[in-house]
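Order of writing sets the labels: A, B, C, D and E. Residues in every chain begin at 1.
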Amino acid sequence: MPVTEYKPKIVAFCCNWCSYAGADGAGSARLSYPAEVKVIRVPCSCRVNPMFILRAFQRGADGVIIAGCHPGDCHYTSGNYFTRRRMTLLFSMLDYLGIERERTRVEWISAAEGAKFSKTMNEFCATVAALGENKRLEDLRCKK
Amino acid sequence: MKFSYYPGCTLKTKGKDLDRYGRLSAEALGFTLEELPDWQCCGAVYPMAKDEIATKLSAVRALVSARDAGEELVTLCSACHNVIKQTNHDMATDADIALRVNNYLGLETPYNGETTVLHYLEVLRDRVGFDKIKAAVKNPLTGRKIAAYYGCLLLRPGKVMQFDDPENPTILENFIRAIGAEPVIWGMRNECCGGYVAAENKAQAEKRSSIVMEDAKKNGADTVITACPLCLYNLAKNGGSDLPVVYFTELLAEALGVK
Amino acid sequence: MQRIGVFICHCGTNIAGTVDVKAVAEALGHEAGVVFSTEYQYMCSESGQQLMRKAIREHKLTGVVVCSCSPRMHEATFRKAASLEGINPYMVEIANIREHVSWIHKDMKEATEKAIILGRAAIAKVHLNQPLQAGESPVTKRALVIGGGIAGIQTALDIAEAGFEVDIVEKSPTIGGKMAQLDKTFPTLDCAACILTPKMVDAGQNEKIKIFAYSEVEAVKGYVGNFNVSIRRKARYVDETKCTGCGLCTEKCPQKKVPNEFNMGMNNRHAIYIPFAQAVPKVATIDADYCMMLKTGKCGICSKVCGAGAIDYKQQDEVIERQYGAIVAATGFNPIDAKAYNEYGYATCPDVVTSLELERLMNAAGPTNGTLLRPSDNEHPHTVVFVQCVGSRCTETDERGKPYCSKICCMYTAKHAMLIREKYPDTDVYVFYIDVRTPGKNFDEFYRRAVEQYGVHYIKGMVGKVTQNGKQLRVQASDLLAGEQLHIDADLVVLATAIEPDKTARSIATMLTASMDTNDFFTEAHPKLRPVESPTAGIFLSGVCQGPKDIPETVSQASACAAKVIGVLAKDKLTCNPCVAQSDEMLCNGCSSCEKVCPYGAISYSDKEFRGPNRTTLIRRVASVNPAVCQGCGACTVACPSGAMDLKGFSNKQIMAEVDAICQ
Amino acid sequence: MQEMMEKRALELLADGTVNRVLGWSVGEFPYDMTPAVFRSAEDLKDRFVYNDFCGANLSKYLIKESKGEGKILVFLKPCDTYSFNQLIAEHRIKRENVYVIGIECYGKADVEKLKAMGLSGITGIQMKNGEYVVETVYGNKTVKASDATAERCLSCKSKKHVVFDELIGEDGDVVEDCNRFDMVEKLEAMTPDERFAFWRGELSRCIRCNACRNVCPACSCEQCVFDNPNSGVAQKAAVNSFEENMFHIIRAFHVAGRCTDCGECSRVCPQHIPLHLLNRKFIKDMNEFYGEYQAGADPDARPPLGTYTKGDREPNEGGNK
Amino acid sequence: MSHSNNATEQVLRSSGVDVRKCMRCGKCTATCPAFDEMEYHPHQFVYMVEKGEIEKLAASPSIYKCLSCFACVDRCPRGVEPAKVVEAVRLAVIRQQGQNHMKSDDIPALLDEDMPQQLLVSAMRKYSK
C-alpha cells in the first residue's frame, strides 16, 4: 500500500495589524510552515464570524485557526477581547457537540512574532493532521 | 492561638535558652506552641541542588505533620526556618522536586507546599502584633541600645523567605521598640558572620564575626540579639568583642517579666 | 460580471525561484471572470505598473488581482496605479505569494499550488468588491500636549511656530519638568536653566500656546481630527489672572516645614509656594495638605499680604472641555525609588543620594546654593563613589529593577564626576560601571575627558554593599579587571537609579487608547519607520514616555513629533478609511448589540419610517454608523444577529467567498 | 383563573386602558392553545381560554402588536416576563404601549406526555389539588401533576415576574436550585464520542421546519440571515448535510446572552430535538466564565458578549472533557 | 563552548542555574563575604561553568569557602544565583568516592563545649556524602 501523507486543509484568519504582519515576518525570516495553511486577512480578529469558521468546515477545512493581537494590544483596543469571549464560547460548544476540540484554535501573535507564527502553524498542522479528516461536523446530520 | 512548633536539635541542647524563653513568652502572650511529634533534624543547611531529594525529606515530614494537624508551622531557629521554608517553597513551585519527594515518601495525600511556615518573629509581628506586645511588657528595657543581628538565614533568599525587606529589614527593630529599648541601625546586621565554617575554618569565621561585632559596637550598641544559635555561638566565641550576644527571646521574656 | 485582470509578480527570483509563475498565470487565466492574466518580473516597478495600466485600458478591466508580496508592502502602490486608469482603488486585491508562499515553502509544486489557491481566493473576493469612496472628516486645528517638560515644550513651540494653536496640560504648578531640576547638561556642560528657561518663557508668551498648569487630563473622547478632552484644573487657591508672582506671600507664610519636591525633599518650602524662580506660569500655589487656613480656617496671612487680591481660599477644581485635532503624550519619567536598594544604604544612610538629588546639591538654586555638601553634616565630601546601573538592566522577573538600559546614566555620571573634579580637585571620584555606554555625538569624547583630563577613577565592577562607618560610608565593591574586592571609605555615594515612565502614563494611555509595552512606555506605530506616532490615529509621542532618552534626543523627537502633528492639523479634511461598517436598515432590528461592542462610539440609533405591507408605514429603530468615527474593526458585524451590520471591503460574503475558494 | 383573567381584561377594555388583549384561544386541536389577539369584549368572551395547556410565550407577538395603535393587554407567566424584558432591552417592544398582567404559574402540562400515557381525545385540562384532571371525549382522567408537567417546567428557573403592571395570583421567587443544567452537565461528563453520538442522534432528525426559529422570542430578526440571499449563508434547499448543523450552532450563538431559557424552541420542535440544551450550554458557560447572568432579569445589565474583562479565560483553555 | 561535557551539564542541571543570564557586572563578587578566602570568585564560577572549565573549579579550595549566605543570590540583578553554582560544583566533587572534605573522624578535634549541633550537622552535610 502506498504511504501517502495526509495533508489537512487549514484556514488561518489573521488580523491585519499583528498576526498578518507576524505571518509576513515569518516569511521574511524564511521560517517555514506547511503549505496547507492558507491565510485570510481580516482587519481584526473580532471580524471573524463563527459563520466563517463553520463555513470553512462545511467546505472541507480540517482545522481553523484565528490569530490576533495579544490581549491589551489590539489595534482597535478591545476587538480581541470580544474575540476571546466569542471563541471561548463557540469552541466550548463545538466540543459539547463532540467535535474535536483541537480543530479550532485562537492564538495571539504580534507583528514581531514571526517565529511564533511559524511554530504555531507547524504545531497546529501536526495536531490536525493527527486527527485526520474532518467528518464530524457534517456527520451530525446523517440521514439514515 | 495554637501553632505546630518545630524546635530543631540545637534548641534541645546548646540553644535551650532560645527555646525556653520563647515558650515562656508565648505563654505570657497567649499563644501555644505544640511541639510536633517525632520531628527529625532538618539538616541545618538547605540543599540547593535540584537533584538533592533525600536531604529534603525530614523538612517535608515536619511540613506534612503540620498540615495534617491543620496548623501553621512555627520555627524559632533561623537555620531550621530557612531549611523548612525553602523546602516548602520547592514543594509548592518545583513540580519535579515535589513529584520525586512525594514518590519517595508515599504519603496518603501528596504534599505540595500547603503549610504556612512562620518564624516566631512573624508570629509576634503578624499574629500577635507588636502593639499588643508593647502593652504586655512589664519591664520595658528603657535606655538599652540594642543591635539586631539578622544574619543571612532569616532574610535570604528574599523571594523565597518573604520575611522582610532583605536589605532593610524592620521586624527586629520594631520588636526592640516594642520591648522598650532603642534599636541600633547598622550596616552589618544582614551580612554573614561566617557561622557555617566556624568548625572547619576558624580563621575565616573569626574574621567575619569580628567585622560584624565591631560594626555593632561602633554604632553604639550595648547588646546584640539574634534568632540563630549558630550566629550566637560564632559571634560570641569568635567575634572578639565584649558586647554580649543574646537570643531575642531572652530579652522578650525579660521584658514580659517571665524570665 | 467583473472583467478581472491577474498580474503575477516574479519579484526577481524571490517569487519565481519557488513558484512556477507561468503556471500560476495560466491557471488563474481560466478562472471565471478573468479576461487577462500575465506575469512580470517586477510588478511594483514603473514598467510593471505601466503594464498593468495598459492591460486595464486595453481589456476594459473592472477588477485587478496582483499576486505579489504582502499587501502591507504594495497594496497602496497598485491601488494608486489602478485608480490612474479610472478603476476604483478598492477594486484591487493582492494575493500574498511571497511572504506567505515563496519565502516559506521550498517545494516548487507545493508552492505553485498554494499560489494558485491564494490567487483564486483574491479573484473570488474581487468579484464581490464594490467601489468604495473614502469619506472625509473635518480637523480641529488645535493640538493638545500632555506634559510640560522639555519634550512637551519643544513640541508645543514647534506646532505654534507653524501657526497652530497648542494647549499644554501639566500636572505640576509649573512647566519645565525634570530638565528644570538639572544643573548642567552633557556633553556641552551648559547650564540647564540657561537653555530651558528661555523656552519656558517663549511657551508662556506665545499667543498660540495656552498653558494649563496644575491641571490633568480627565477624559478623552473622539478620534483623529476631532478629539474632545476634559481637563481638570486643580484648585490653586490663587487666581492665576491676578497673581503677579511677586512672592511676598511665600515669604510671609508661617508654614515653613513642607518638603520641597523641587529639591527632592532635601530642604523645605512654605505652604504657599512658587516651585522655582523661573516658573511658568509664575503664579503661587497653596498646598492644601499643609495650609493652616485651608485645614483649620485660621491664618489667612497670604491673603492679607497679597496686594493683587489673588488669594482665593474658596477656589474649586474646575473641569473644562476643549477640542483638539491631535494629541501628544509627553508624560516623561521619574527615577525609581532607590529605597528598595538598601544594600547601597539609600534607605538608612543620609549620605547615599540619587543622581537627581546630586543635581540639586550641585545647583546654585539648590538647597546648598551650589556648594557640594553632604546631607548628613554639610561637610565637603572628599571621596565620592558613583554606582551605575542601579535598577537598570535587571532580569525580566526582577522585582526591584527594570529590564532595560536607562540610557542617560553613563553620560550624566561622567558629567557629575567631571564637575566635582573640576570644582573640587581635592576630591577622589570613583565610578563603578558594568559597561560605559556612550553612543552619541561627542559622548565618548566627553567620557574620555572625565577619565583622562579629570582623573576620575573608572572601575569595572559593581558595588556590593554600602554601610555607615562612623561619619563615612564603607563601600565594598569588586574590581573585576584587577580581581580584587575593594573597600573604599567614601563621604558620599551617588546612585544612578533607573528611570521609569511617570506613574500617570498608564491611565493616560488608557484614555487615549494608545498601547503601552510591559514597562509602561508608550508603543510607537512602528519602531523604526513611525517612531513618534502611536498606533492610534491622532496620538503622537514625545520624549521619554516612549523610551529612555537624553535631552538632545528628546528635543529631536519632540520636533519630529511636532512635524507629524502639523501634518494632521495642516489638512482641512482627513480622508477616512472607507472600509468601515455599514448597517442595512432594512435588516436592522435596532437591538443595540453592535453598539455595545463598538470601541469608538461610532454607532447611533434613530427611528425611521419604512413602508409596510398594504401601504402602511412602519417606524423602526435602526442603527447607523458614523463613517468618520468608525475605524473598521468589524466587532459589530459579529455582534449583529441579523447580519444587518457588515464591513465594507471585508464583507461577510467576500470573506466567505475567500473561504470557499481556499477550501475548494 | 380563566374567569379572573377574563374579568380583568373586560374591565380594562371597558375603561379604555387597552383596546385589545393578547391571550390564548383554542387552535387546531382542543389541547392546542394558540396566541390570539382579541379586539372586543365579545371576541374575548367568545374565544379567550386559559388553562394548563397555555404554554406559549406571548412576548414575541408584542414586537408587532406594541407598534399598533393604542395599548394592548398581555398576560405573561413568570418565564415570559424575562423574554418581555429582554425584548424591552433590545428596544423591540414599546413598553408604554403594553399593559402587562403577570399571572402565576406552577408549570404547564405537556400534551405529548399525556398522550404517551395512552390518553386520547383530549379536550381540556384542569388542575385540582395538585393533580391534573384531563378532560377527554371518553371522560375525565386524573393524572399526577408531576407526570404530565412539561420538562422545561420541571426545571423552572423562576416563579418571579421581573416586570408587570399588575398581578393575578401570587408572585414567586427565583428558583435557586432549579437543576436546569443537569442534562448539560451529564453531556459534559460524557466522552467526546458519546457526546457526538448523542447529538448525531438528535440533530439528524432536524427537518428544517424553522418552528424553533419562528417561536423563539430572541429570533426576532426582521429577516433571518439564513433567509437573506445576500448573507452568503442563505439556502433554499440544503446544499449538503452540513447546513442544519450550521443553522443550529449559529442560531444558538446568535441568541447567546439574549436567550432567557424559556424553552419554547424545544416545546415546538415537531421532531422533539432538545434544542434548549444548546442554549443552556451557552448560558452555563457564560455563567461559569463571566459570572452569573440571566437574560431579561435586568434590562440594564451588560450581556456577557457585549463586554469583557482583561483577565478573561483563553479560548484554547480546556474543553468539557 | 568546546569544553562542554558531562560535568558541565551535571553542574547546570543540578544547580538549575542559567549561566547565560549573567551580564558580568561582578556584583556577586562585590558582595561576597568570603572573597578573601577564595581563589575563584562567584562571578568566575558562573563564567567558568559557562566556558565548561569545571575541572579547575573542582580542584580549587574555593568550593569550600562559600558561606551559603545567599547575598549573591539576592543581589544579582540578573537572577543568576551564583551560590547554587558553587554548591553544584562542590556536590559534584564530594559525591565522588573518597572525596569527602570532612570526615567524622575529624570532628572530635574541632569540638568545643558551646558548639551547637547544627554547626556539625551542617558541616557534614556541606562537606561530605
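Rule of thumb we're sticking to: a residue touches a chain if its C-beta (ideal position, glycine included) is under 8 Å from a C-beta of that chain, and two chains touch if they have at least 3 such contacts.
Remember, predicted model here, so these are calculated numbers, not experimental data.
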item	value
Shortest contact path, chain A to chain C, counted in steps	1
Closest chain to global C-alpha mean, per-chain Cα centroids	C
Identity of the chain that, by mean CA position, is farthest from chain D	E
Chain A and chain B, separation of their C-alpha mean positions in angstrom	55
Chain C-chain E separation of Cα centroids, rounded to whole Å	47
Centre distance in Å when chain B and chain D are each reduced to the mean of their C-alpha atoms	67
Touching two or more other chains - residues of chain B	159, 167, 191
Multi-partner residues of chain A (at least 2 other chains)	50-51, 55, 72, 78, 82, 86
Junction residues of chain C, two or more chains touched	343, 465, 597, 639, 652, 656
Which pairs of chains touch, using the document's own definition	A-C, A-D, B-C, B-E, C-D, C-E
Contacting residues of chain B [partner chain C, same complex]	159, 165, 167-168, 185-188, 191, 215, 218-219
Residue numbers on chain D that touch chain C, as the complex places them	67, 89-92, 220-225, 228, 230-233, 254-255, 258, 302-303, 305-307
In the complex, chain B residues that touch chain E	8-10, 13-15, 41, 43-52, 55, 77, 79, 152, 155-159, 166-167, 191-192, 194-201, 204, 207-208, 229-230, 233, 236-237
Interface residues, chain E side, partner chain B - complex	13-16, 33-34, 36-37, 64-65, 67-71, 73-74, 83-84, 87-88, 91, 101-102, 107, 110, 112, 114-123, 125-127
Of all residues in chain A, those that touch chain D in their complex	50-51, 54-55, 57-58, 71-72, 78, 81-82, 84-101, 104-107, 136-144
